[in-house]
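Following this line, the structures themselves.
Here chain A shows up in two complexes: once beside chain B, once beside chain C.
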Partner chain A sequence: MIEIVLAVVFLPFVGAALAPAVYRLLGERTAYYAAGVAAVCLALVTRLYTAGVGLDGGTRYAVDWVPALEVSLALYVDGLALLIAFLASGVGVLVLVYSGGYMHGEPGQSKYYATMLAFMGSMLGVALAGDLFALFTFWELTSLSSFLLIGHYTSADDSQYAARKSMLITVAGGLFMLAGFLLLAWAGGTTLIAGGDDSLVATAGPTIETLRSVGLFVPALLLVGVGAATKSAQVPFHVWLPNAMEAPTPVSAFLHSATMVKAGVYLIGRFRPFFLGAEGGGAHGGGAAGSRGSGAAAGTGGEGAAGEAAGEAAAAAASLLPEWSVVFVTLGLATMTVAAVLAVAATDIKELLAYSTASHLGLITAGFGAANALGAETGAFHILNHASFKAALFLVAGIVAHEAGTRRIENLRGLRHDLPVTAVIAALASLSMAGIPPFNGFYSKELLFEATYELGHELGGTAWLFPVVAVVGSVFTFLYSIKFLSLFLGDRPDGLGHVHRPPVSMLAPPAVLGIVVLAVSAVPNTAIDLLVGSVYDSTVPGAAHGFSIPFPPSKLKPAVIMSAITIGVGAVAWPQYDRLHHGIRRVLAGPVRANWWYDNGVDGLTSGGRDVGEWVQTGLVRTYAAWTIGATSLLALGGYVVGEVGLPALSVPPGMTPAIVLVLLVAVVGAVAVTAAPSHVAGVLTLSILGFMVAIFYILADAPDLALTQLVVETLVLVLFLLVLNRLPAYYGQPSPGRALRDGALATLAGATVFLTVVLSTSATPSEPLSGVLVERANLPPGEHASVFTNYGGGSNVVNVILVDLRAADTLGEISVVAMAALAVLTLIRMRTRGDTR
Partner chain B sequence: MTQWLLAAVLGLLFALGTFLVLRRDVVRVVWGVAIISQSANVYLVTMGGLAGAAPIGDFRGETPPPTDPLVQALVLTAIVIGFGTTALALVLTYRVYEEHGTIDVYDLGGEGL
Partner chain C sequence: MSDETESNRPAATAGPTDETEQTVNTSTGRVGPAFDHRTTVIARTVVRVVVPVVVVTALALLFQGHNRPGGGFIGAVLTATAAVLVYVIFGLEYLQSHLLGIDSSPNEPHAPTGWYRWLFAGGLALAAGSGMFPLLAGLPFLTQGVAFVHGLPIYGELEVASALAFDLGVYGTVVGGLLTVVAEVGEE
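Moving on to the complex of A and B:
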């Protein structure tokens, strides 16, 4: 099976690599090649499914990746992974077929198909990743391919802006997620996510204990949460999604409704058993696991008793709302409502669908956030339902835009006369989106209502806001869904030109999705039995259970009343849609809009960065030197103060002969003379005095090699200086007293630091200096020691042997530096005389 | 052993070098860098100990032990590299003068701090 799993992930990348070559052969029919690759992936995923891999508990496959770091490419197959893989490959086939019609005559097609396939591979990788680093890598690859696809029209500014925006937000979020992953990997001692006995999910209890003991549990949760929220366009990171609609419509349908944005909620679902598992396994709320277990068990029975049973058990354990729920229910419901309101304010059909997507992702997030069985059911089921109706609606929007030539809502009406089949699909999908029974969107929304009602019932107080907000958000969802449907109703406006019939390649994919909507609507429990049930299993901690949807409801549950309120209020508010639309638009100005923050933030960073750069990078040696020397001195002195070092006693060290003292004093006099030199020539000559004194110092310090080198170099430098100074002007005046004072102060600071450092470092003598080894080994007859120096180095001068033998490569590098300098000198002088410059 | 005198000398050399690096005349900046690198070399050699024979030939059984060959090897490299950079800096100075007609950093890039 591992071959199949690997093939599912890597086949699309191979397909992507071949796409440009195929495009040369096939031209626009590359769409069908790409769809074929996707179909093979779909078949492979189906093969996994029919083999029953991962349906009863996940299965993990591992291939060594970086064995030295214990990073393996672990792939993990379970219900959730299979569902996302089905979406990525299945919607992939449909969208690529649809692209064949939609992209007709568009520019950059070979790039388009290659990127689409690469995206599909990345998404399959995200779905099947069983390892934190593999997950992160594929995650960022989806961001990258999304960037390329949003920026498909490379000459349009809007498209570039949108691509950058999505890239900035999703990649930045991915980095937050990586930080969270590192915390988890540190605490858990493993990078495997789920499956087996050694994965994070399996060891959730102790891992969370470790995290809590250092206070990093909530940070880890939030970091992973930011990653999920940016990818899934949750408030306030939703701003990139509407702009992403600059991409060609098939891209919007594929990436920005059915798959990529699902990565965020996938992440939430994937880590849900981990973060909630600790509630049972760890010290916190020991009863919670039991209550969830019984709730889930009751859910198996269905028949509406699930809610009550879970409610009672949960109420018994109503110790505290886990941080998980605080974060994700709040985030999800806020997104669901805000994005639904914004969708009502939309003027463009794709914008409406974009906000609607964010809103429905919020619904899934809120579902996964609720720490009860119903929440997991909501999330698991709505991932499928949303993908089916929203991808269909995007493809419908693409047909409308393509055939009617406009996407403005106010210009579109009565399309059913021209697009009858499309209208039927749109009706199915938008009624499902609105949450009207008996369509599939209704079922998952009903589950959310139950989950939030449970939260309110269980916790009381402000938690009752959860069901209220859920209903408010759903009312707006109802409104914009009906608005989308109304594009097809009524009479044709006069302004609408001739509307073509779409080609079959564009009509069939949404029709297939429409059939999926119908099928799931008709037999929801079959869908659950087939796949959604094991998705649910993937997202709950502990043992696996199934669940079912009782429809029609056997009795009047609170959720049914909530649905009735939603539809009732929605129907009443519908005539006021235009007033609502304009009202919301009026409110949306300035800092109320998240976009305002994004735009000002990015502009501020850009101009701020430029300003800081100009301020720091002056290009003046003086400034750089002053800051570097001053900062280094202060840091060193500060270190001594903090370390509370004491000064050693005054003493005369051995080897400090009168000759050395004399030489050093002359060297200082030379340096003073250099500083005070009235002319360049005087300065160079006194600099030489300093240099030759240093050479004599080396002789006295028993370093003959250094003395020889120093003498040669000093002589050369003197000649060089005199040659160059001959051509330079004499100097230019004294510094102003103020400047001399400031520079003097800085110089004194540097001098004092060096003084202290030398005093402190020479007073501390290591007990066994490294040089002892070298000295010991040198010049000993064979037999006593391995005589490295004489036998292998071929010399008895230890310094020489070090340079030409032990560090030969280093010396070679040094010679190269001198050669480079010589070449540079030659070039600088020759270039001028050739007149190559301005 | 604590090298008080060398510490004072090196501190002075470093201070003078720093002062020269902050001058407006590019030639003096090059001098400053040269002085600073000389004093850094002397500091390294000092760390190897001044008392002791040169690490050449047969020095078994000698007291005190020979000076540290390791720092000497390091400094030897440093001297040669220092020569390379000084030469390059000088020629760059010369080129700057040819291009701009001045080696005053204020004229070239402003006064800075």
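Moving on to the complex of A and C:
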């Protein structure tokens, strides 16, 4: 089976690599090639499903990836993974077929199909990842491919803005998630997510204890939460999703409704059993005692939870509630309501659908957030339901935009006359989105109502806000769903031009999704038995079992009343839709909009970054030199202080003759004279006095090689100096006292460092001098010898034998530096006129 | 030391850039090598005599380095000094086109540097490459060997050290590198 699992993930990438070549052969029919690749993936996923892999508990497969770091490419198959994989490959097939019609005559198709396939592979990778690092890698790959697809129209400004926005938000969120993963990996001692006895989920109890003991449980939860919230466009990170609608509509249907944005809720579902694992009560839910017990544990362990909730009452509620629920139910319900309100304010059909997507993702998040069985059921079921009706609606929106030539809501009405089949699909899907019985959206919304009611009932107090907010959000959901449907009702407006019939390749995919909506609506319990039940299993800790939905409800449950209120209030408010629409738009100005914060934040960072850059990179070599010299000196001195190096006793070394003393004195005089030199040239000439005195010192100290080198180098450097000095101004002006003081201090510091280093390093002579060994090894052994030697240097000049034989590698390094320096001079001087200059 | 004072004076009094430019301008109507007219006859004569001596000395230092003071690096720097002497007294143009025989046409003004570049690249390759040979014999990288050749006419017995190849590499790299720097900086 491992071959199949690997093939599912990597086949799309191979397909993506081949796409440009295929495009040359097939042209626009590449759409069907890409759909074929997706279909093979779908078949492989189906094969996994029919083989029963992961349906009863997950199965993990692992291939070594970075053995040195004990990172393996672990893939994990369970219900949740299979559902997301089905969505990615199944919706992938439909959307790629649809692209064949939609993308007709569009630019950049070869890139488009390659990126779509690469995205599908990344999404399948996210779904099947069993290892934190594999998950993170595929996660970021989805962000990357989303960036490319949103920016498909590379020359459009809106498109660039939208692509950058989504990239910034989702990738930044991914980095938060990575930090969270590192905490989990540290605490759990493993990077495996689920399955087996050694994974994070299996060892949730001790791992969470470790995290709590250092106070990092809530940070880890929040970090992973930020990752999920940015990807799933949860408030306040929802701002990127409406802009992402700049992408071609198939991309919106695929990435920004059915799959990529599901990665966030997938992450929540994936880590739900881990974060609720230690609670013990979450598995079978319902039981208030279980949740209360766990709540008490949470209260003692995580003070951070209190900080999360606003106000004392909320803090009191938090002490009874696992942090998990506080974070995700609040996040989810806030998103559900805010995004639904924004959807009512939308003027563009894709914008409406985008906000609606965020809203429904909020519903799923809230469902997974609720620490009871109903919550998990909500999340698991709504992932499927939302993907089916929302992808269908996006494809419908694509048809409308493509055939009617406009996406403005106010210009569109009575489309059923021109697009009858599309109208039927739209009706099915939008009634399901509105949560009207007996469509599938209704069932999962019922589950959410029940879950929130349960929470309110269990916790009391402010927790009663949960069901109320859920109902308010649903009222707005009802309103915008009916608005979308109303595009097809009524009479054709005069302004609407001729509307074409869509080609079959564009009509069939939404029709298939419409049939899925119908099928799930007709037999919800079959869908649950087939797949959703095991999705539910993978999102609850411990052993679990499937669930079923009673329909029609046998008794009047609170959730049924909540649904009735939703539909009733919605129906009453419907005539006031335009007033609501305009009212919300009036309120949306300035800091109320999350976009305002994003735009100002990005602008601030851009200009701030530029300022910092200009402050740090002055372009003045003397600034860099000052910092480099100062830092080097301080680090060296700091090292001596930390290492507690004692100063050796200074004494006159043996072998000091009057001649040596005289030469050194002249050198000192030369050095002092440099400071008094009237010009650069005179300064350099005086400096060379110092150099030649050192050379003479070497001669007197019996070091002919050093003396020779010093002499020749000194001569050459002098000439080079004189060549360069000619280019410098003769007079720099009087430095200010402050600068003179600063430069003097820096020079003193550098001089002191060098002096100390020399004293310290020369005093650290080993007890047995190395020179003996080297001298012995340099020359040939005395007496009779063979004609070839490789273990002796074979020369009587020990200095050179060291250079070219005993330590030849050092010399090789040094001449490499010489070559590099020559190259650098060549580049800097010759090419400085090329390229940008400031 | 006497070379020193010779070489300092003209550079100290006037910029080499001006000189070379002037050389190019005035040389068009002249026959024979173009050189700086501000250098004295004495300086030019001394350099003519000294430079061959310096070069031979440099080579001697290079070859005797294994057993006596000298070596690749010193030899290379001395060779470069000889070139710089010619450059300071006679100008860059003379050094490159008349002495080294490299023509730098107007559309290829950096032809000499191209040669120097090959010199230091080749030197580096020789040094590193000579270190590769021991690998064939299963010895560590950069193992050097010594062999004795007997029965040569003048020398009798000669010690041949493989380190000489390495030293030649060092020599080439340093000469090439220094000449590159001199040519590039001097042309400024």
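Side notes on the structure shown:
Everything below uses one rule, namely that the second predicted complex is superposed on the first by the 594 of 838 C-alpha atoms of A that agree within 3 Å, B and C clash if a C-alpha of one lies under 4 Å from a C-alpha of the other, contacts with A are read in each partner's own complex, and residues count from 1 in each chain.
Quick note on the criterion: a residue touches a chain if its C-beta (ideal position, glycine included) is under 8 Å from a C-beta of that chain, and two chains touch if they have at least 3 such contacts.
All values reported here derive from a predicted model rather than from experimental measurement.
Legend: residue contacts after superposition of the two complexes on their common chain; A:830 is shown touching chain C, with no touch to chain B. By the touch criterion stated above, A:530 is placed in contact with neither chain B nor chain C.
Contacts of A:719 after superposition on the shared chain: chain C is touched, whereas chain B is not.
Once the two complexes are laid over each other on the shared chain, residue contacts for A:504 go to neither chain B nor chain C. Within the superposed three-chain arrangement, the count of touched residues of chain A is higher for B, of the candidates chain B and chain C. In the superposed model, A:681 makes contact with chain C only, not with chain B. Using the contact criterion defined above for the overlaid structures, shared-chain residue A:727 touches chain B and also reaches chain C.
With both structures placed on the common chain, the touch criterion links A:758 to chain B but leaves chain C unconnected. Contacts of A:794 after superposition: chain C is touched, whereas chain B is not reached.
Of the two partner chains, chain B is the only one touched by A:620; chain C is not. Taken together, the two complexes place residues 704-705, 709, 713, 716, 720, 724, 727, 780, 796-797, 799, 803, 811, 818, 821-822, 825, 829 of chain A in contact with chain B and also with chain C. The residues of chain A lying in touch with chain B in their complex are 618-623, 625-626, 629, 648-651, 653-656, 660-661, 664-665, 667-668, 671-672, 674-675, 680, 683-684, 687, 690-691, 694, 697-698, 700-706, 709-710, 713, 716-717, 720-721, 724-725, 727-729, 731-732, 735, 743-744, 746-748, 750-756, 758-759, 761-763, 765, 769-772, 774-775, 778-780, 796-799, 802-803, 807, 810-811, 814, 817-818, 820-822, 824-825, 828-829, 832, 837. Every residue of chain B that touches chain A in the complex is listed here, in rising order: 1-25, 27-29, 31, 34-35, 38-39, 41-43, 45-60, 64-73, 75-77, 79-88, 90-95, 97-99, 102-105, 109-113.
Of all residues in chain A, only 681, 685, 688, 692, 704-705, 708-709, 712-713, 715-716, 718-720, 722-724, 726-727, 780, 787-790, 792-797, 799-801, 803-805, 808-809, 811-812, 815-816, 818-819, 821-822, 825-826, 829-830 touch chain C in the complex they form. The touching residues of chain C, counted against chain A in their complex, run 1, 3-4, 7-8, 11-12, 15-17, 61, 65-74, 77-78, 80-81, 84, 88, 110, 113, 116-117, 120-121, 123-124, 127-128, 131, 134, 139, 141-148, 150, 159, 161, 163, 166-167, 169-170, 173-174, 176-178, 180-182, 184-186, 188.
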